[in-house]
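For reference, the structures are reproduced in the following blocks.
Next come two complexes, and both contain chain A; in the first it sits with chain B, in the second with chain C.
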Partner chain A sequence: MRIRMIVLAAVACIGALFVATAHAATTYHLAAQRLNEDSFDNYDFNSASVSSSNVDWPVGLFFYNNAEVEKIKAGLSQSYFYPGDTQNGRLDNSFGWFFDDDGGRKTRVCSVGNYDDHYRIYADPDHGNRNWTAGVGFYVIGTTHVDGNECGGGTAYFGFSEPAEDRLGSVARSVTNWTVYDDNYAMNNYEAYRAEGNHWWLNNGNATMFRLP
Partner chain B sequence: MRLAQRATLACAALLLLSGTAAGAKRSIRPLKGDVRVTSSRPQGKKDHQVAQIERTFQLPPDAKQGPEDWYSLDLDLELLAPRTDRDRLIYVTGSTNGRASVQIKVKVPQRGSARPTEWSAFGLIDGLTRGASSANRFEISARNYLQFKGVRPGENRLEIGIEQYGELAQDRVRIFKSSRITGGMPGPARVSVRANTLSITIRDDRVTVPVTVTNRGGRAAQHVRVVPEVDPTVLEPVGPQGTLRLEPGETAVRRLVMRAKRSDGKTVVHIRAASDLATDVDVISLALPASSDESSSLSLRVILTAAVFIPAGLVLMRRRRVRRQPTR
Partner chain C sequence: MIWRQRMSRLQAGTVAFAVAGVVAIWTSPGQAVLGQGNSNARDPAQVGPTLNPEQAPTLSPAQRARALEVVEADKRLKGLLADRSYTVSEAGPWTRNGHGRGQLGAALLLNLKGSAAELEGDWPTMNYATTDDSAATPYTSAAVRRRAENVAALSVLVDLRHDRVVSVTPSPAMGATTTLGPNETPQAPSTTSGE
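For the complex of A and B:
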């Protein structure tokens, strides 16, 4: 038993050496966004705790009309195939706030001397991974960012949400009947270009909308 | 003769009223008979395909979604979804004017799996509904409200479609003619919560906040929980929080008890009432006593008294000013 624990600890240490993670970050723009009877926070969080010093990335993706978490992942799977680390989104689907955790999908397993794009999407897990309002139908919110040199090959860096959002929009345009509206939803989460450790902020405050038929 | 005429007129008026009043359900069946939608045979390396049917239906010239009179879509269908070499994901969607109302998600396990085919739908009428079948062919019924832009006066379009992602196969949906648009539906439950700030009491370290919860919607609000969201370093909720069922228009009063951990200054409490399908929040500011002695209770009373009497005084002064205005 003890040997197994030591082996597990060693594996964890080696993993920690090779796989870098983004530093915790702080924002001045964390705010609940109202959507008809529903609400959601405009950042996701490192843990299931709402704090402006516990944020990960700004919400920049808004899937609507006929969205659902697994449908989105299936639709984008040609480019975004690999799983990522879990973070937490907070929503109120008309019956109280809840956290949804998601590891999302990445374009590479773990970047070495390069970068990959990574998105996470959040909805109500107790109601089939979707939210619904009469205003926009079935909707799902999400964040996206770049993971750079995550497994070595240079200094690790994370962030640049805006260009990652643009690239995800381009991928989504190739999915049959999906319509993409770039930077079309004011999320009130503008982040000027700056770094907090290896956490690089860059976000114009307007989410890209994806209309699923 | 005159009496008979009056009676006829009264009956006609009653019939007219009953036909137009909000709350009188009206069903429209856009399908003349059962309709089949078949996804095309997969070709090439496609990993996503869509097939759908469209029908038109008429709504009154003043038709709109809510706030009193709501429209819904009921979908009754049979799905034939064969198993293949990999797990599959299918969505059957009912939309009006391109706006999704009913979304049925079907997970078909791979051939030979012991798992059943599972489906689920979510809407604001029934919440989450789900089912499972070990057969390839099974029936599903699901309903939901239409979207705001899914209702328009005059001609409307009903679309029922099937989408496949990942492994593709030839799926068939038979939509029964019983599928329908219904008008005159009561709207979703809408819970409102207000703290009765004048009745807040603080004795020793116990803070008691009476709250009034009302269902202002058209449907019963189920499993309503009234919860204080507090700064955990300042206050701690005490006692179990039960759930309520509120019929449309019904009001209930609950007393929220919290223990003060710290006794200095003000703290903000969010009082949240949440049911299965509705929520509301009231925010109050509590002035906690500097200590548990009488003077601290007094300070709270002073603040609350000021909160009541200052606005009341302003109203009285305004009324007096109005009265003193000379008449011309």
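For the complex of A and C:
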């Protein structure tokens, strides 16, 4: 198993040499979302800088009850195995605002004439890679999107967060004792269909919730 | 030297990835959408200046209509679709950036009627050629012969300044797989920093 991981990781890293990239994009819906005494921004960022023109993707994933970053990645690893490039989420776990970076996991190394689904998840690294608030428990937020034709085979594109979120929900339903509630958390980050460079927006503004045991 | 630095990063990334290896109960989360109401109110003060949604780039009805005319007249797209009909499920602006400057045209999502199809022909393919927003045509476009399987929808870019379809891709909204053309190999596009 360890050898397999090393080999696959090496392949992933070599594939990264050829990866196209989505540039920083612009949203008109960036806003901090309050959750009891906590807060988090409803987009992640290309760098640790909060700006409407420095966003990557809308937050569309909310893991809760007993969520933790590595636990989530382990649960989804059968479909989402390969590493991706790092982006930045910003949160306030009632101790003050901070950035957390994550490369997340992808369903393919680098798509050629195809696409892969890619998610990233963010939480407080100084408090167990998870956040906590009353009534919700330990929670982690995340974004997801599609990487298309990264290594050739057609026009390179990134985005389509909504169908990527739907597919991740389908995968999560097969994880033992996880419960999925589609589009159950209003994130105020609706994005109408549009192409901004190779950044293709499509998001209904409601995050899918995942209750972890 | 660059290659050596890259390899160093790759090795570090490989090693890092290889090595990586009070429960509150949420009451009836499926019955109500979380986030609606005061607990999730917008808090612009926390994120600094925000952009006015009314200033977001849009596609006017006239632009949409023109884009559809261009799509319907495009011979390569006709060749790909054969006689398959479609509906337009989404239509929005295609811009080089998010501020509406450098609006290039329209982005369309075409849902094919009937079962998922195998499409073979000349696929318009686009790559951005420059980061200069003022460039008259900041992309290159060429037709590449390919076959795509299990296609249920197409993502299409229409340059409304030149009235032409510059990109057609099987849409990830539905899922599809494309076979590379005979002279294609995986290669780095114009940017290399990774997604």
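One rule holds in what follows: the second predicted complex is superposed on the first by the 196 of 213 C-alpha atoms of A that agree within 3 Å, B and C clash if a C-alpha of one lies under 4 Å from a C-alpha of the other, contacts with A are read in each partner's own complex, and residues count from 1 in each chain.
Throughout what follows, a residue touches a chain if its C-beta (ideal position, glycine included) is under 8 Å from a C-beta of that chain, and two chains touch if they have at least 3 such contacts.
The shown structure was predicted, so the numbers you read here are calculated from the model rather than taken from an experiment.
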Chain B versus chain C as contact partner of A:94, first or second or both or neither: first
Touched partner set for A:78, first chain B, second chain C, both or neither: first
First (chain B), second (chain C), both or neither touched by A:120: neither
Chain B versus chain C as contact partner of A:146, first or second or both or neither: second
Chain A residues touched by each partner, larger count belonging to chain B or chain C: C
Partner chain(s) touched by A:53 [first = chain B, second = chain C, both, neither]: second
Partner chain(s) touched by A:175 [first = chain B, second = chain C, both, neither]: first
Partner chain(s) touched by A:68 [first = chain B, second = chain C, both, neither]: first
First, second, both or neither for A:187, with chain B first and chain C second: second
Touching partner for A:137 - first (chain B), second (chain C), both, neither: both
Contacts on chain A seen with chain B and repeated with chain C across the two complexes: 65-66, 70, 92, 97, 132, 134-138
Contacting residues of chain B [partner chain A, same complex]: 47-50, 65-66, 89, 91, 93, 95, 98-101, 103, 105, 120-124, 127-128, 130, 144-148, 161, 163, 165-166, 188, 190, 225, 272, 274-279
Parts of chain A lying in touch with chain C, wherever the complex brings them together: 2, 5-6, 9-10, 12-14, 16-23, 25-36, 39, 41, 50-53, 62, 64-66, 70, 83-85, 92, 97, 110, 112-115, 118, 132, 134-138, 146-158, 160, 162-164, 181, 183-188, 192-198, 200-202, 206-207, 209, 211
Chain A residues touching chain B - in the complex, by the definition given at the top: 37, 65-66, 68, 70-71, 74-75, 77-78, 92, 94-97, 124, 126-128, 130, 132, 134-138, 175-177, 212-213
Chain A-facing residues of chain C, complex: 6, 10, 13-14, 17-18, 20, 22-27, 29-30, 33-36, 39-44, 46-53, 55-57, 59, 90-99, 107, 109, 123, 125-128, 144, 146, 148, 155, 157, 167, 169-174, 176-180, 184-195
